[in-house]
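What follows is a pair of complexes built around subunit A, which joins subunit B in one and subunit C in the other.
Coming up: the complex of A and B.
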């Protein structure tokens, strides 16, 4: 792990400013601005995950691993951060001021340039096979006994449908929210009163029990049950989707779709969600890579930092693991459209929050960013790291009957340098 | 213009002795005979090029943050490095006498240089915009310099002292180019969304605004805007504003769109001619007007490396001639005598084309 080396005067200036700014904001929040939900979330001791998925493949050069002035470095400059010695791309000035709350892995080799395979490797921590996603594992092992919300919520507008829960049971599958809209058909039909609805549910429960008692496959009824249960929880929390963001939140997060999605993510995490994944689309930049990263990261940088600030200021960051990742990075070599293509051989991700050493950089790439130079890690290593940071023993087997399935890939291991 | 076979070259870096030969009569312009006369080589992709007003030098920006100068009638040994920017240089221009070079950098700065220095270093580096400086252009009287940048501003600077004179705010998205009208009283700017603005230099006010939305596209799937001018010039008589770029964006992130040249009737402030190539997916990166009544445009494709030169007559649907380039074009300029073209390419070559038949040695 590399830290605090090569810093110069300007590094320290920015570091001090960023730290003071962050501390001041924190002091205000601790001074009594926590919402009741946030206070309860902190008090509960529950651990949770915030995944920010930058869909399409964020360029490592234009984000966490800048190489200005090198053959493939592109036009953007590197800027110092609040952690002396760590520089990131100038497209993320707000994150630069909060670098002391995050850490970077610059040496991920996913060994694929395929969107789907890259995503699966980083989400499942396995190179092949039917295994649950990070969010499903979190839902299974981190959620409270009767969680007020479905365990794994994904705020997006599109994306492939996957078997995200694998063998963990349907109740741990991703529930995809289309933007900030409440799931469809959340209201009880007008023709059905409350009492009738309860009687229907009771009848369904009895029928399920009878089916199971006669030797029926419990997986069938469990899947239906979990759907009804998810719906019931969401119906109770429908107000989360109905409340308009405050003017102050809109001003801070932005009025664009990613802004309001991050506001919803904060509300869901504050109200008992175990894993919330927010997808920011638009990084598959085979053309105009630089113009598009300008646009996309301008939107991502400040908005994400507002969410990070709110988690920090409420005290929730200590119990929330934050992941910022893509399905791969982008090619060092530019194509003739000023684009960068798919590149899985030297990818960067950022982590922070619960159980993660802040302000660290793990691994490095070579001078031109064409390959990992030191401390290569895999998707499996990251998977172990997420859950070890959250206190889960990833060498243990999943809690499923009939067969021993290790939670983490036995061929991989956690990145110990990142674990607090 | 000196012919490629001539005499002694005094570049800033060295003197190149060439064998004396009698001057040859100049062949008439015949674009069907367009051919390469020189290839200057660099090992990094080029970003833009300009020929200085005296016709002695050709300059190019490169993806290595530097600007390079070659003697137009020299060879690779005349290559001179201009170093000072900390990012790519996207646009170049000159004082009217060609003594000063102005460079627009993605490091947010404008560089001012002595164009002919033997060992160039910047006279001044101006912190010009919050974000990339995308364009610089000198006024016809040489007293002003216009720039535009990613802070959505168009700014006017004094030449040669580099002091900020005026600031034009009004573009909602990045202005890609800004050029002075030949009368020196007005300035046109073109932004990402295809919005053209006409500014009054004296009052600093926006006079008119015209949309060319067909040179912009919103990719619904990726939720991204793509558009803007890749080159922009006024015709010499000031009657037309000529813009190079793209149209019909169908997949922004894969660069699937068609090349477009737009001519705007400046007096009526309306679209005069629109040219696109339906058979060619790609971008127009440079456009020049030729006094013989045609336009030349250079382009790069979406796939492969088949760069193009198109020779266009205003109002006609198809080019009356085209030339396949050895690689993707990144810009275009024409020599002061209007006989040669300079094309900077993605493969690092800066190719000089002659728009006449080759001289016959017989």
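Coming up: the complex of A and C.
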């Protein structure tokens, strides 16, 4: 295993204070239903989300909330960052240099140690029930009228099948891209010209209209229709998947799967995608927690920073909300296999970009990192924060007829101190 | 263990013998122009109903309970399905594919008032039914894992043969949970363990989900935080059956098998409360199974580096007994819920593997009834599927009798037929049947047989089993491609998820292109030879959607053909349009 620690100025005498910059100024909440005009206004600015999902459960100790020299702290040190007073684990030296573009929440309590429930809580911002994922909400309210790409793209190796769009239209469900492979079959067969393709598709559409509404499960036929609609759009954007990453990109991002996926994510975001989620697999470190984090974060840290730099340099970061999260964190206590197990009680996440005060730390855990000490935050609070940062009134109801469902959990509220 | 297994076999001997005979009358679901042999419908119902002498049938009782469970049921209820709806549905559910045009026409023309029952019997006895259940149970038990130590083909054959002989569910599970991989005959059954690498945590969780309908994953580390019923001791009670066992590589064959130690107890600590617990092997809340007084010799074969451990008393071999024991109600609830979901489209408990007191069954009386009767009928899978298929609940139309706003209510009350997304295998087979590709392939196989074995050919080619196996083998490459594209996360489920890449497979894929190419008697070729647009529309709709076109549909086909100068192209286009339609994609 190669250790690549870019920063050598390691500070052992850490003064750990919550560094909170910025204020809640500028965030305006409008109660009531989100009108189509408001939704349109939000859309016209074309904001977007980059989600980096560290699947399996990133250890908060080995990342955003290091506790060196304490009982559960593990072997790694904390290093200072570009923001005075903020220290993060030495496994993320590149991020340390860019801390002024991101903020950390160290006091998330998800109240579950279950992969699925943790993921649902952080994606849906609800403790239970059938609600849309962040990406589906983004697709619904942030995407352009006729978006050139499906609103919610998920670049992953595998992927759980989930009802990501819940009651929002199935066109807002995630489209899984397996790695950087272009979806196969983007080319029309040689025997078929464009006119024939349209003609036969029209016949198909009429047949489907006739069938719709069967069995009391309209979501099924909608999902089916939307898969064809997505296919059509993707055919039009085929070239996106075909460009070989440049040698320079490969050198910067890395040639490993996560590297080339982040390059694709950048391309998709630059070409009209609304929410791109990139999954980095392999954080469920029930055994050999430290070795695995060393390896995983070595890959994640630099690659993610290249993507962050590119978004910043192109000016897109201002309109792109960046989220780094897992389904939970990891236990303070080590198990017999030097592993850390599932831990939802004191989790860290990082975020930055559009509408987020940079260089801030929200909340803290106690000295040994076994529980939240200050400013407990829930998945629902984060969900409000994300969409408020993107300019959406999360206290408004969803724009769906006959269903007064608030966009954000009414029992939760945005983290005002993070809103720029 | 052996004694118990033999007991089971003896108990169901009467049933199995009768059922095993049924393949005599099997019909080839993919076979055209082979007349269905005479039916044994009467004997099936006589045998299947024998424990009930004089009592109301299960189907009648469940229908009654379903109606009674919803006060406004009558106002929500869709009428009985039409024959066209029914024939497609029952072929898909029992034989795994849509019927051919010929089979559909034959059924529609049949005037017998008992024709639905006859068709159900016929399909249940066909080799296609065993294949269908092989697919279903492979997915349920192995969840589309990549095979490692037990070849998929061996396992699938074992499953298929088990369903062909209608092996009772308790016996099938006993064989799976008792297999150690040593005996070659029983080695396929060891796939459940061996292809999970005997990872005790994974197996514990999957035993809970697959055989008991509870997901104890969280209870591995602590009592479940949000589900009061799932306790850490439930998890460790199950894993205690397995903890002494381990993977052993046979030095001669190099194959992985299971060995077991004679000692070792399961202790656990909650990560929340640091409370410690200890448990004997046990199934959920049933009593623990303490080890007997240790024998003088702990081992039949003492574990060593080249010796597979075989203890005098095996904890692992207690698992199957405890699982199928009469007091283990969850075992019965789980399987009848899964078979119900398979036929009806949604479980009485949903999700299928998360049953607990805050997620109770929607129709508890129905679940209890099915579980009790299934047990009373010796876990006879074919009997239960037959009762379900014969029920009014199953046979209701999926066309809503109410406004779409009430569609969800009707669906939740089981007052209408549900949409069931075709499984990848159903979708593949149905596409091959609809496009006529399977018929053409079968003819080619018959011709090859005639050439290779001119003497035996006449008898062989009318043997339903030969036909099924031959056609399956010939079309496997086509089918595998479809399955690879359409199979998502494994495991039995009732939801639906459609992806753009699946749509692209249908829109641009080379396979679909090939199936639609008008040559050698496939559907598009047959359509080309029909001059009348009415006949063409009829053949098209019967072949793909298993129904005749409505007047406006015939008109639409006619005007399509009129408007396109290239007739061949026009035929390919409309055939594609129906093959890619929602009506084709779902069982309804």
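FYI, the second predicted complex is superposed on the first by the 353 of 420 C-alpha atoms of A that agree within 3 Å, B and C clash if a C-alpha of one lies under 4 Å from a C-alpha of the other, contacts with A are read in each partner's own complex, and residues count from 1 in each chain.
Operating definition for what follows: contacts are C-beta pairs under 8 Å (C-beta built on N, C-alpha and C of every residue); 3 or more make two chains touch, one makes a residue touch a chain.
Since the structure is predicted, the reported quantities are computational estimates derived from the model, not experimental observations.
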Once the shared chain is lined up, is A:111 touching subunit B (first), subunit C (second), both, or neither of them? second
Looking at the overlay, what does A:391 touch: subunit B (first), subunit C (second), both, or neither? neither
Touching A:179, do we find subunit B (first), subunit C (second), both, or neither? neither
Kindly classify A:410 by the partners it touches after superposition: subunit B alone (first), subunit C alone (second), both, or neither? neither
Please work out whether A:294 is in contact with subunit B alone, subunit C alone, both, or neither, and reply first, second, both or neither. first
Which partner chains sit in contact with A:196 here, subunit B, subunit C, both or neither? Use first/second/both/neither. second
Of subunit B and subunit C, the partner touching more residues of subunit A is C
Would you check which partner chain A:69 touches, where first means subunit B only, second means subunit C only, and both and neither mean what they say? first
Kindly list the residues of subunit A that each of subunit B and subunit C touches, one partner per complex. 158
Interfacial residue positions of subunit B with respect to subunit A in the complex: 44-45, 63-65, 86-88, 106-107, 131-132, 150, 221-226, 252-255, 283, 300-302, 305, 327-328, 346
Residues of subunit A touching subunit B in their complex? 56, 68-69, 71, 74-77, 158, 257, 281-282, 284-288, 291-292, 294-296, 334, 336-337, 339
Where on subunit A does subunit C make contact in their complex? 111-115, 117, 128, 150, 158-161, 163, 170, 173, 175-176, 183-189, 191, 196-197, 199-201, 203-204, 206-208, 210-221, 223-228, 230-232, 234-235, 331, 333, 341-342
Listed in rising order, subunit C residues that touch subunit A in their complex are 217-218, 221-222, 225-226, 271, 345, 398-400, 404, 407-412, 416-419, 421, 488-489, 493, 495-505, 507-510, 513, 556, 560, 564, 569, 572-574, 576-578, 580-583, 585-586, 588
